[in-house]
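If you scroll down you'll find the structure; I have some questions about it.
Chains here go by letter, A, B, C and D, matching the order in which they are written, and residues are numbered from 1 within each.
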Amino acid sequence: MSYNLLKGKRGIIFGALDENSIAWKTAERAHEEGAEFVLTNAPVALRMGTINTLAEKTNSEVIPADATKVEDLENLIEKSQEILGGKLDFVFHSIGMSINVRKGKHYTDQNYDWTHKGLDVSAMSFHKLMQTLYKKDAMNEWGSIVALTYMAAQRVFPDYNDMADNKAYLESVARSFGYFFGKDKKVRVNTISQSPTPTSAGQGVKGFTGFMNYAEKMSPLGNATALECADYTLTLFSDLTKKVTLQNLFHDGGFSNMGVSQEIMEAMEE
Amino acid sequence: MSYNLLKGKRGIIFGALDENSIAWKTAERAHEEGAEFVLTNAPVALRMGTINTLAEKTNSEVIPADATKVEDLENLIEKSQEILGGKLDFVFHSIGMSINVRKGKHYTDQNYDWTHKGLDVSAMSFHKLMQTLYKKDAMNEWGSIVALTYMAAQRVFPDYNDMADNKAYLESVARSFGYFFGKDKKVRVNTISQSPTPTSAGQGVKGFTGFMNYAEKMSPLGNATALECADYTLTLFSDLTKKVTLQNLFHDGGFSNMGVSQEIMEAMEE
Amino acid sequence: MSYNLLKGKRGIIFGALDENSIAWKTAERAHEEGAEFVLTNAPVALRMGTINTLAEKTNSEVIPADATKVEDLENLIEKSQEILGGKLDFVFHSIGMSINVRKGKHYTDQNYDWTHKGLDVSAMSFHKLMQTLYKKDAMNEWGSIVALTYMAAQRVFPDYNDMADNKAYLESVARSFGYFFGKDKKVRVNTISQSPTPTSAGQGVKGFTGFMNYAEKMSPLGNATALECADYTLTLFSDLTKKVTLQNLFHDGGFSNMGVSQEIMEAMEE
Amino acid sequence: MSYNLLKGKRGIIFGALDENSIAWKTAERAHEEGAEFVLTNAPVALRMGTINTLAEKTNSEVIPADATKVEDLENLIEKSQEILGGKLDFVFHSIGMSINVRKGKHYTDQNYDWTHKGLDVSAMSFHKLMQTLYKKDAMNEWGSIVALTYMAAQRVFPDYNDMADNKAYLESVARSFGYFFGKDKKVRVNTISQSPTPTSAGQGVKGFTGFMNYAEKMSPLGNATALECADYTLTLFSDLTKKVTLQNLFHDGGFSNMGVSQEIMEAMEE
């Protein structure tokens, strides 16, 4: 199925590791909808994943970039414009990592070097990306920048650890930079707050399967999948959403506005 | 421009009065995108406006309905399914009216009969509409119901009068009913919180032009137009947003997340 | 324990039915803190409850008033000022009732006459109360008006039925009227969003006990009691919170900002 | 005026620089209300300010601590308990600093070393403080931890620069750590989001005076002062607010829930 929704649009997609990645699905769907784009990920992620399969499938080139390094981002943005033949219409940021989570450090027992490093990768990278795009004037007017986030930025999910604070920072950066990008360049900036999704990254969070079940029971339409998130992201890249900006948009089957569901109440009573 | 985004979809559109109406633009764009639909409005509004022009342009029939009367809604929903040849995929609610505003009663000096009547028209009508759709099982799975609202539901705009409270009620109905519509029928329900828009209804609010200018200066991308709102609404009717539900979605050039803008600060200093 | 926090302050307290009522506890504690006040409730509630016991204990008079009738409110406010010897410093609104809930009508099968009546009692009464206070200029500067609400105004609790929409309306009225009361009279208006509380009214909601347990497990500090709510309310009547206005304040052991708790996850796994 | 609201309570107060500081007023008022506490600030701030005057006035000792250094916090917390003779009942965090702001770097042209340093001082310090208190089991049950924040965490104030993102991180830390502190230790954690206040720190923000005037015009009760903030903070330290936790509480004369005020509309029209 294709609507040619992104025909003629050029972009950069961060964070496609393997076929479970939301960024992977986004790239596949963006390709179907007529977009051309460059794929990128950190060098270490490129070695672990299977991005070349995606690149072939979508006629895309892959440019490695560590999103915490401004010089890498500069190179990526310059090369992407050369390859694609013009300024960019969309950028997708799907990057997140907590060393405290990986190493099993509890939220009340953080290693602060790791906390800083996780923030740098997961959230400050989004500022660095936008600052580089802004300084290079690399976005077309009415372009669209989207980052993935999670509701732990607003509410407590105990196992989400310091990623909660990283996502709160990321969402704030979207608003703060979105103001200047909107006013000066007519570019919109939003975050999508997605259901728990069984990506390779998501599955690394403690108790993930139990939590997926909980979220499924809490959400009137059930959890949103990676493919559905890709579809939703495309609407934000399209010309149909030009005046949506500075928003954090929940894509979660309704979870975010639930207090309790009948299914949870029933499960509790058993 | 058309993407065939709504090809094969059937719906009902409330509230197209004249060519300034958001519902009018929504009908035009839905038609371009391949949808078939029935137009409706209150009998008195049908006499005042020019809806037949729109009906011809979009090959639509017009069925009068007072949205505060359940029997009118029942008739509308039955007839619409007959005309369109099946269950509905989308419904658009763009109805609002405050007698206190019309008659110049200040918010601190309400006539409560008028307050009740305005609530009935502007907000309880949305419950009545959904209850009738639900009882008649008139929506297809993964259908989409959207109502228009305004940010006065969250924040104070002194001249918006009792419409603020009506919109708060409307948004609550969207969440409350959206839960049951999602769980039982796989239908999503959302509200769009739109920029101040120079429709015939909007212009009735005191000091509207001054307020439009203020909102324009506050919004990094400027105010969203009626046509842009129509485009955004289409994305919510499409198959690309299936897991978005119970949300209040701001379509306002970023106003909703602004504290103050540079332009407002400069205007204040003059 | 007493701090003389409300010494010399005069007020009106709505909604004390019996000793489980939050308003009852508020009256007891306000008395201990040095306030003088009038107690009021609807005539039918006065017959059902034991308010005279409270009146004796707190040296208060009881004035019956149907809060949906402006003339009753006028009489109440006039008499209260006579009895107390001056303008009012605080008013407490704890009124709520849904006929749809009482009669067992599901949210998707409302009787709209009952819906209107419930709104009138539960929410529009708050506007009527404030409009009467405002017109009669009955509040002292830096006075404080507080109404009780519930988080169903923001998030879905399926059994809360049309009370969710009533509370959304009530909270909007607090903001809308709070603006004019603040600007014109220097009076603050806030709502307290309280934990589920085993009052006579609360216990009427379907599945209340199960829900209490759920909320207890979700809240890091456990549910807030009626007495704790009374204490919190006193802080909002005191001179220590003069610049807090237009706010909806959660008093709920932390529930409102929880996504999920460890105890809920564990209960789900059993 | 004293209610003995904090009689017998022990605490630590961070961030009193000079008599304009909110922390300074908080210390004075806490002393009047019967609390005993230790004052602390970074060594460099101690040299710049006049904290010894405050220490004498409130019979307090001063312990220097760089809040970014865990060993300084450990020393502070140990010494404070020795001096005060027991565990702590309250802790007040009023710390914030952006090098990008100080050095005049625009938000779209950040120096990321400075961004990291500002985050460490302004926000991660709050995690470090709570982690140290938690590990040392230094808080009494039903103790209270409060940090100061600003609404730029939710909405865009262009001149607030990277402090907006720092405050978003701080508020997230309050929720995330507040969960564990509540569940494990029965301690509440909240943030107060205060009006713009002419402290030495506040006045360092570009265009501060113009912004103070704007906020004054927007707020129905006007801006909240440092002294009023101190009063409000005391209520959160008191036994009257035991079940308030994980909240971000606006203390701002109503600004946070305003869309526009009549005075702003009038100022714009001139």
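The rule is short, and it goes like this: contacts are C-beta pairs under 8 Å (C-beta built on N, C-alpha and C of every residue); 3 or more make two chains touch, one makes a residue touch a chain.
Everything numeric here is computed off the predicted structure, so don't read it as measured data.
Chain centres here are means of the Cα atoms, and by that rule the chain farthest away from subunit B is D. By the residue-number overlap criterion, the interface of subunit C with subunit D counts as same, with over half of its numbers used by both chains.
The chain pair with the larger count of C-beta pairs in contact, out of A-C and B-C, is B-C. Between subunit A and subunit C, the centres computed from C-alpha atoms are 42 Å apart.
Spacing of subunit B relative to subunit C, judged by their CA centroids, is 32 angstrom. Residue positions of subunit A with contacts to 2 or more other chains are 155-156, 158, 175, 178-180, 220, 246, 254, 257-258, 261-262. Note for the complex: subunit A touches subunit D at residues 70, 107-110, 112, 115-116, 119-120, 124, 127-128, 131, 134-135, 153, 155-156, 158, 162, 164-165, 167-169, 171-173, 175-180, 246. Only residues 151-152, 154-158, 207, 210-211, 213-214, 220, 254, 257-262, 264-265, 267-270 of subunit D touch subunit B when the two sit together in their complex. Subunit C meets subunit D in the complex at residues 1, 3-5, 175, 178-183, 186, 188, 195, 220-225, 228, 231-232, 234-235, 238-247, 249-254, 256-258, 261-262.
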